[in-house]
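A, B, C and D are the chain letters, set down in written order, and residue numbers restart from 1 in every chain.
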Amino acid sequence: MNIAFIGLGNMGAPMAHNLLKAGHRLVVFDVVQTHVDALTSHGAIAATSPKAAAAATELVITMLPSSPHVREVYLSDDGVLAGVAPGVTLVDSSTIDPHTAREVAVAAHKKGNPMADAPVSGGTGGAQAGTLTFMVGATVEIFDSIKPVLAQMGKNIVHCGAAGNGQVAKICNNLLLGISMLGVAEAMNLGVALGMEARVLAGVINTSSGRCWSSDTYNPYPGVIENAPASRDYSGGFGTDLMLKDLGLATEAAKQVKQTVVLGALAQQLYQMSSAQGAGLKDFSSIINLFRKTS
Amino acid sequence: MNIAFIGLGNMGAPMAHNLLKAGHRLVVFDVVQTHVDALTSHGAIAATSPKAAAAATELVITMLPSSPHVREVYLSDDGVLAGVAPGVTLVDSSTIDPHTAREVAVAAHKKGNPMADAPVSGGTGGAQAGTLTFMVGATVEIFDSIKPVLAQMGKNIVHCGAAGNGQVAKICNNLLLGISMLGVAEAMNLGVALGMEARVLAGVINTSSGRCWSSDTYNPYPGVIENAPASRDYSGGFGTDLMLKDLGLATEAAKQVKQTVVLGALAQQLYQMSSAQGAGLKDFSSIINLFRKTS
Amino acid sequence: MNIAFIGLGNMGAPMAHNLLKAGHRLVVFDVVQTHVDALTSHGAIAATSPKAAAAATELVITMLPSSPHVREVYLSDDGVLAGVAPGVTLVDSSTIDPHTAREVAVAAHKKGNPMADAPVSGGTGGAQAGTLTFMVGATVEIFDSIKPVLAQMGKNIVHCGAAGNGQVAKICNNLLLGISMLGVAEAMNLGVALGMEARVLAGVINTSSGRCWSSDTYNPYPGVIENAPASRDYSGGFGTDLMLKDLGLATEAAKQVKQTVVLGALAQQLYQMSSAQGAGLKDFSSIINLFRKTS
Amino acid sequence: MNIAFIGLGNMGAPMAHNLLKAGHRLVVFDVVQTHVDALTSHGAIAATSPKAAAAATELVITMLPSSPHVREVYLSDDGVLAGVAPGVTLVDSSTIDPHTAREVAVAAHKKGNPMADAPVSGGTGGAQAGTLTFMVGATVEIFDSIKPVLAQMGKNIVHCGAAGNGQVAKICNNLLLGISMLGVAEAMNLGVALGMEARVLAGVINTSSGRCWSSDTYNPYPGVIENAPASRDYSGGFGTDLMLKDLGLATEAAKQVKQTVVLGALAQQLYQMSSAQGAGLKDFSSIINLFRKTS
């Protein structure tokens, strides 16, 4: 296929590489020239704007840092909608607020372009390995039409309902994830402070009602899970500042629909505190250190 | 075996019945006469005090509501330690604070009696079906010696380390459980408020990093899990007031060892609020209603 | 003076009336025709747009519900900046986020118009009585030039520093107010639950280190302060939904500058919960009922 | 008068000195010999036990660290009630839970001894200067009878109602104080982060609805109040660990009467976190540093 890929950062670059490997022709755009060069050296074609990239392609994929970037890339005079041919499907894999996702989808629809929001989970590791999970908000028809291409970048392609619901699924999952990790951190710290061995406690929890991904797969207590960030000083993984961004999206979306999210709001503040105390670039499971004695 | 069983309430009674069915001779005690009658009508022998019950038995099991009851039943003039023969093993299945559990175990040890704390999870349903999980704090020798009898009342007998660690495991697991349930409640409510279908959202979460027992087995949103309390108006299950008791034990234990449990303390307050608003006897997953619009 | 007044709602209308009474010539605009009529019947002149209202006046005052309205009224093609003569001072008394306030001030400055943000406290009662407090963000020169007019609508005109700082002062004060009120609510409820008389407890607090406006002037416990909303079933006063709006502004501003506001975020959620349970239009001190037993 | 004074620590010692200065005959007891020596060198008479101290005196005053100490000093075989003559009034100035205060008062009453709980505020400075506030729980008769002596150690003697209510007033006030200080810390930090000068912000707050003792008298932002601990690196004042103790009493008392104290519970956790990060002995207003960027 002839695909436009816009946004070639930590996530976008390996995703684009996987599409090149799968044999697609890629026209790429990024505001950082070195990002573009890294792709053109592998056969991608550089475009001078999102508008130019989108012209004469059969599918447009974007992977951008935040809502304002998405608005700019799709809706500005030099944007995708200004260049793309009617009927071409648009896929935004950025993690942004559902409201913006829906607004852009409506604008695309008016121009005759089907659009899906398809944020991912799995991190840079999953992007490189092609094992991402895509949470897709779109009609069944759009979902079916893009699934094969998404499957070349990920292994779990989930239909979440209409436009915007990919974003909803993503922020709701990560809201829960941020809370669960804090819960595991508190439970592990408390158990150890009360005299229990961390591995034994994790073993009990993982076969009981406290069982969760944050405990059995990504336990924040060092030494419990061999391959978890906690066992390598919280390097790699999913950064505290990224969790903070997603909790910001979740609490903001909650505010707009007047939904109470008490633990979510508190979790946001605690990751903010952890970031301010220096853990912004460490894995988010380092939140456990916020509760440690440091003197 | 010749077993003393003290405390014949909602949990103790079915546990004692299972021991009778297994062929043991039971000497029982409870302060409520009708509780005693319900067991003697099935062949148990009534005793007039914990001291009397413990005399001439080979094993003592207790199932009591709170720490003061445990102190009273073991340490008073009419208590177990005043009547039991040296060498007889004592098993307390009450859920109490680890500090008290350890104090009573030390007192038992001084009298020459091995002691284990063995709180359970699984609720009255598990007690009746004999499928409880026992979290046992004791030496390996004591654990090995009582495991066969516990296995007649439960199917998962877990060794958690030395005396008191059964209680530690129980309160740490339930601390995490109380937090996870709140996290799922917030995530499900938010997703639905943002336009997603509850079952679809749960499906995404259950295959993602938000996966947890509170979502995949006991989801608080009505209709998501057929057999969960949420699908029968939160009747049955594990009551809000019981969760509140366990969170009280967890936060109190945290205070004593100067361990921060921020979400745990907030969770305790929210279940307290839910209880004050009338949900004390409903399943604890009814906490989801605290965040619903009621006007 | 020849003044344009834009935004004639619950707050703007009485403020405009006070300017009319003071003898000014008023050109007014509002999107709701009845709001306009209520002023023109007292001598104000109706304009067809913010642009038209601002033309040929010596001072522009706006009182609008939220940031998007402020952007629209000042920056759109029909907006104030499109019609106002260079050199005319602009005063926005809306409560909005400091970021927007500063952006609009910068845009005004580029057009040659001095601008001040001047949000108020004192509610509709203070607006009618002309006893509002104005928190003004502007240079000393601008502040001095507008102070006489503001003094015709309020009695406390405070200079808070440069553009935007009026908003900062407002949201920081109300952040603290929202927290203090919750603190008083919890302390009063607890004291009464522990057997103390509410008036006696308030008396102790008001002469001790817990002393605060929420306790000594606006106590949320019924019967403690004769004229407080608590003594008239929380009618009148400063509505829960208005406090919720201000806490939303404060937590959002905190997010943008990466400042932790833990109690602020929790307070926002609790007022949200109170609003969802039906108290949105009641005075915000009705938050005390969130902690009452209702069954 | 012939007075027994038991408990001669940081608070008790200066209080006892003030009674000596007022001309009373003092019989003193403390478990630390150097504490006793410091008083006997000024004319007090040492006793060998609380029982011995209480014998042959006309009034007993105690100042002890916690509830277990109070139980021990009053109720043990060597305790006050074992030695004191019927009719002698007992005054406990310790800060403890209201439940224990009431239990000990009942025990004293049964022995024929009127008893008052009279916890203080004002810190070691107030104890030395004789300017403490006493919050007294007792009948009017008892209150009137002890007021003259208390007035020799303090300047504000407040009657809070029946036995236990002195403790209730103390913990409710300090619950609110702990919350208010956090609110001021968040508001000040936010205002400064948003570009406002700290003194100007405090000035606005102190004349607005955010006004409180924590802002106008004890502001946690350095440089705002000349004599506040914040202006001397948080030395002196009321230590974080003492605030933590009082919040522990308040949340525990709330649990017993099933009263929700959401911000109170969160405040306790935040002071716990601050203590664990090294600020336990610093003034409690140093909580503001918990929210500062440290990297």
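By our rule, a residue touches a chain if its C-beta (ideal position, glycine included) is under 8 Å from a C-beta of that chain, and two chains touch if they have at least 3 such contacts.
On a predicted model such as this, the values are computed, not experimentally measured, just so you know.
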| item | value |
| --- | --- |
| Winner on C-beta contact pairs when B-C is weighed against A-C | A-C |
| Taking each chain's C-alpha mean as its centre, the one farthest from subunit B | C |
| Whole-Å gap separating subunit B and subunit D, where each centre is the average of the chain's CA atoms | 38 |
| Between subunit B and subunit C, centroid-to-centroid distance (C-alpha), Å | 51 |
| Euclidean distance of C-alpha centroids - subunit A vs subunit C, Å | 38 |
| Numbers and ranges of subunit D residues touching at least 2 other chains | 258-262, 266, 270, 273, 276, 290-291, 293 |
| Chain contact topology (line, ring, star, complete or other) | complete |
| Subunit D residues touching subunit A - in the complex, by the definition given at the top | 266, 273, 276-278, 290-295 |
| Residue ranges of subunit A in contact with subunit B within the complex | 98, 121, 133, 135, 156, 158, 160-162, 164-165, 168-169, 171-177, 179-180, 182-184, 186-191, 193-197, 200-201, 203-205, 207-215, 217-218, 250, 253-254, 257-264, 266-267, 270, 290-291, 293 |
| Footprint of subunit B on subunit D - complex, ascending | 248, 251-252, 255, 258-262, 265-266, 268-270, 272-273, 275-276 |
